[in-house]
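Paired with chain B in one complex and with chain C in the other, chain A is shared by the two complexes that follow.
After this line comes the complex of A and B, so read on.
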């Protein structure tokens, strides 16, 4: 067992900050999953594979000197199309929620193999102008890639929240999730909205992928490392809620960072799982 | 799963294993031992996975964790404590089972998205266990070498020893999987798959059964892990706690067919051969992509798997069942109220001398609140033995909630429910079913993958206490005759019309030989002539000894059937007495029709 040592106050503060940064990425990755699960009743495990595909595309474009943020212009529509296409297949075959999990599990395997055959199993790191920029404010470091991730995560989460809450489209989507038949009777075009939403979720995976490429080293096997923690954020945050994953992701990120500071970095994967179990034991209804 | 096949199957498995045990004597190149070892290894993993996940529908993505737990248990005992190899296997099984049961005990308590949640938590646990192992001296991050551990001399050479070990494990696993599939335990697991709540209400101890199935599944995976540790001889966390194991076993089982004990084995043989071809040709990555593609294709185009499809092609089994049980087919309304009343065997509730008027069920101050909404706000009701009590009230008055609380489907917020003097509040639904209370659902909830006969046999096995599946089927047949469904015994519930489904619901409730039957709007949606049939059937139910609480809106039936009615309104008892008299009371008319009509 690693020894426990109390870190200094500044180290702890930096840990909390980095926890917020990584938590924002959990939230961004979780947002698309949560919307898909909560509003479409499709559990898209391939979300992670798609995010990594986007990350590798961003990496590939950076080799051609395309700015990572500019690459979003290409990546977002591409992933939107992939997500909508996937949803079209699922709707065409009337795939049940459970089978959607299995199907996207299979798809994840294919994406992993695809990534591995194109970019090999070696670690890849995107080099960009952003990577070297960091600010020091009040003794704390603010690296630019992480700040970009945080801003994107917060901005997008609130935008999605507002759309779901205030626009007719958002209300129609929530209504269709509640009762598709009744929503259809009131003139909601469920098929079109489903495609739109699935495309949006997948596009969100694209944005998350770009953020991933900005701050993390990439390897195909890393796809699965995110599954547990992001699903924990999704479930703790509440299915189909726009702000839930961001808030829960931040809580998990901070808990992980503090755990790492107090014990050893390799213990971090336990944190989200423990949080999830604790919540399940204390409030079994929360996950429903 | 019927007739003579039941007795022959284990002999076939044992004989096949015995024959395969001679393969090492053939002197084939060692490479065949390894390929066959891998096939058997995956048969153990896929079949053991299927015992929980295929039978109950709770898909585990954590089979790698349970497999890995067994693998590292054996590794640790061999490398650090120098145990003899064979003795490490029971410990590996126990550790894996304990891990699974701990996880299951938590997750299975959560209502709601249980299946999906279980899948994701088991996926997460793979990496959690991996993290723990890599951070502790169990592995230490660099892997553990077992090259110094001697391989026990069972076969002519080391590779055949592994082959024989895996063969024994595979034979044992398939025997267990078969035995569960044909047993009462398995019937309960299959019922959980189709409708867990309905299974619980029929007396299946769903929580316990899921844990048992998980424990067996994990223990077998643990054994496979233990054997594989020595086979690998150098184990690392990165190789063991991966997504590959769950991906592969899910693929094999879904491809072969998850509802059959032999399905995963067939999938395992096919996929191992396929992957071996890819690896041999140095295309391991393509193999992974192929697995994914096959899984997707299987789900889209063959959701039942290979084996059920083959079964459907080769023998059209269905019709045979009714014939072998020797019951006349066709509409059985002509059959008079049959044997069940006169049966003196089993723990016959019907045979119990009825003392009319004695209180059977006493409900006191029953409250049920859904957050703010009080569906029941302090209801007192007594049900007397042998009566038909009508439970009336406008929509939303709490009638269905009453049935749901008494049957244990919902937990009471407050109050007491005494049945034959025993308190029911706080008991799980399957215990209430076991105590002698059965219910029907307003919208019938048959087990979709079971035949009509097996639907009823399940109730006979659990509520009715006939433990032997064959005996349960023959008794279930009598209940089908009673309900006029004998001709549809081999049909699937989806092939029945509404009227027949309602009667199936009744037959299933009766098959547990209840002393109290709660009928929730059985007549709703039936045509007038079907209602007449149903009224006659309900009379026969009472005549054979059950007491009935009858929620109904069809006034004609209420007047014809009930000895007494109680009227609920806004979760409170409004009136009580003979139907004809109670319905005339002004407060009852107000509740139904509004104040203007009173």
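After this line comes the complex of A and C, so read on.
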């Protein structure tokens, strides 16, 4: 491998930590996508556009001195409504999974154009007090924005997992995804649950968007930069599984970061996508 | 049946009237200049600068009476940051839109596409920011970005000259770079240059265009402990790397960024003393060049209105303005829209621009290397090298 070198222990440890942080964001971005794909059978590419819309809204609110985390109070319900509305349209026209991919790809383009017309194609950076806070523990650095993202990703993933596993609503959603006709026979209101779940997926995109704004500089065209790796996390994690994207995202993030620590950074995507291919070959039922 | 008869006088009169009518009709028809720009896609943040500059220039040109007494209409299409689409659109501009003249797109990939089309139809192509001069094989292509015929040698020499004359001449260098073609080309030149000067390369890393995670790269730079970090940055790379460095409490002693998005970088507190290159800045002696001060004033005004985050003029805006100056000079000097005549004039003459007098007789029609070294000082870009281009005794600083 070009540029291969043995990293120092501190470099390796800090790189693993960086990988966990970015992996948590992959997981958070992938969670809504995975639920939509696995439980609603809709491949919602607009998820990335919605996450960036939320990021820009967070940026805009920060200009009015609204705390980025407080902005979730406005952004999450708004995104929930958009997601539920979009699902209503797709259900109304009985959009198939493949057509949902095409439709939401078009919608992503519209969202990109909308963001560009409002905030221009210029780069935008959210400046907040969080950005200046970090802790040094045992020689390792823990920046607050990344810690917030990690905590939100872990907390939300486990909460969604618990809801799907232990509540009647969650069981009904899983049942409707498994066999809609039988679920309906048992009184499951598929339409209502579909709207709820679609809204939840978009709301999750909203949370991921706020985390994006906290740590990254924004540009409308960067919507597409996340698609490949987050899709990989979703496929690896298993469709419709709440903890899957977080675990798979972390594996990908760490593998990318360690690759960058020991060899050329340009090898990182090769390693993560090779990992995806290997796992899909060894466990072809993973993404079913 | 009697045949109509025309006297000689009537025929001459009709001919004159026809010619006058034709001239009148032509005077009323605008000169159409066609181009594409990356109005959407990953290059759109920079391309919007070129769009704004083009709009201001054409507006000002029309106020001055246009070209050859005719108003100018700029036909600009969105190539979506895709070189293949740029090729199709330039083909359309020539064959379907039938524009009179062409103007180059942004950036290197699209310029090369446009150059192929221009060559097929023997059209002059003035281009803004082609980063690899050896790729400009077409004789009627003219660069507005005066980086010289061999920037990988001359520009990198300027950077290391400036550092050698600075307060802490470096002994060890980390070269970290994007694989974006024009950037990788310059970073390869930097590696050669530092070897020639007996400096030690302690780290070399490359990343793909569009890399998101700079944390591990920052870690490796910190681990290598270089005296100077050469960052082959394009767009936001510099900001992202500095953000990542900040998170691990690392401040590079001296640092250089090749082609960064200038506004966002200068606004970043961590970019203190960051170095870069420029062909024009909002300071003397650049403002004394023809049209320089007026352009800066107009650009600031319009960029503010357009809501651009950065309203100052630097390389991108200056190269764009220069491109229009070159095209106007060619048309006015030849009093013609004939591409061959315009091309011949530009090859044989120097043109006054906001960058200074430009010549087009080197490799790929590139002339002198007018790239200067600038540094972020007190939240502002300041030219620090060569000495004769500095203002107010500005000097290179180290962290």
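List of remarks:
The rule is short, and it goes like this: the second predicted complex is superposed on the first by the 281 of 288 C-alpha atoms of A that agree within 3 Å, B and C clash if a C-alpha of one lies under 4 Å from a C-alpha of the other, contacts with A are read in each partner's own complex, and residues count from 1 in each chain.
The criterion applied here is as follows: contacts are C-beta pairs under 8 Å (C-beta built on N, C-alpha and C of every residue); 3 or more make two chains touch, one makes a residue touch a chain.
Not measured: the values here are computed from a predicted model.
Aligning the shared chain A places chain B and chain C in steric conflict. In the overlay built on the shared chain, the residue A:99 is in contact with chain B alone; chain C does not reach it. Within the superposed three-chain model, A:273 lies in touch with chain B and out of touch with chain C [touch as defined at top]. In the superposed model, A:108 makes contact with chain B only, not with chain C. Shared-chain residue A:141: touches chain C; no touch with chain B. Using the contact criterion defined above for the overlaid structures, shared-chain residue A:264 touches chain B and also reaches chain C. In the superposition on chain A, contact is made by A:227 with chain B only, not with chain C. By the touch criterion defined above, A:235 reaches chain B but does not reach chain C. Of the two partner chains placed by the overlay, only chain B lies in contact with A:43; chain C stays clear of it. In the superposition on chain A, the residues of chain A contacting both chain B and chain C are 112-113, 116, 221, 225, 264, 266, 268-269. Per the touch definition, chain A reaches chain C in the complex via residues 3, 7-8, 10-11, 14-15, 18-19, 21-22, 112-113, 116, 120-125, 134, 136, 141, 143, 146, 216-217, 219-222, 225-226, 253, 256-258, 260-261, 264-266, 268-269.
Within the complex formed with chain B, the residues of chain A that make contact are 1-2, 37, 43, 89, 93, 95, 97-99, 101-103, 105-110, 112-114, 116-117, 221, 224-225, 227-229, 231-232, 235, 239, 264, 266-270, 272-273, 276-277, 280-281, 284-285, 287-288.
Only residues 57, 59, 61, 106-107, 109-113, 115-117, 119-121, 123-125, 127-128, 130-132, 134-136, 141, 242-243, 247, 250-251, 254, 285-286, 288-289, 291-296, 299-300, 303 of chain B touch chain A when the two sit together in their complex. Contacts from chain C toward chain A in the complex involve residues 39-45, 47-48, 81, 179, 204-208, 210-213, 215-217, 219-220, 222-223, 235-236, 239-240, 243, 247-249, 261, 263-264, 267, 306-310.
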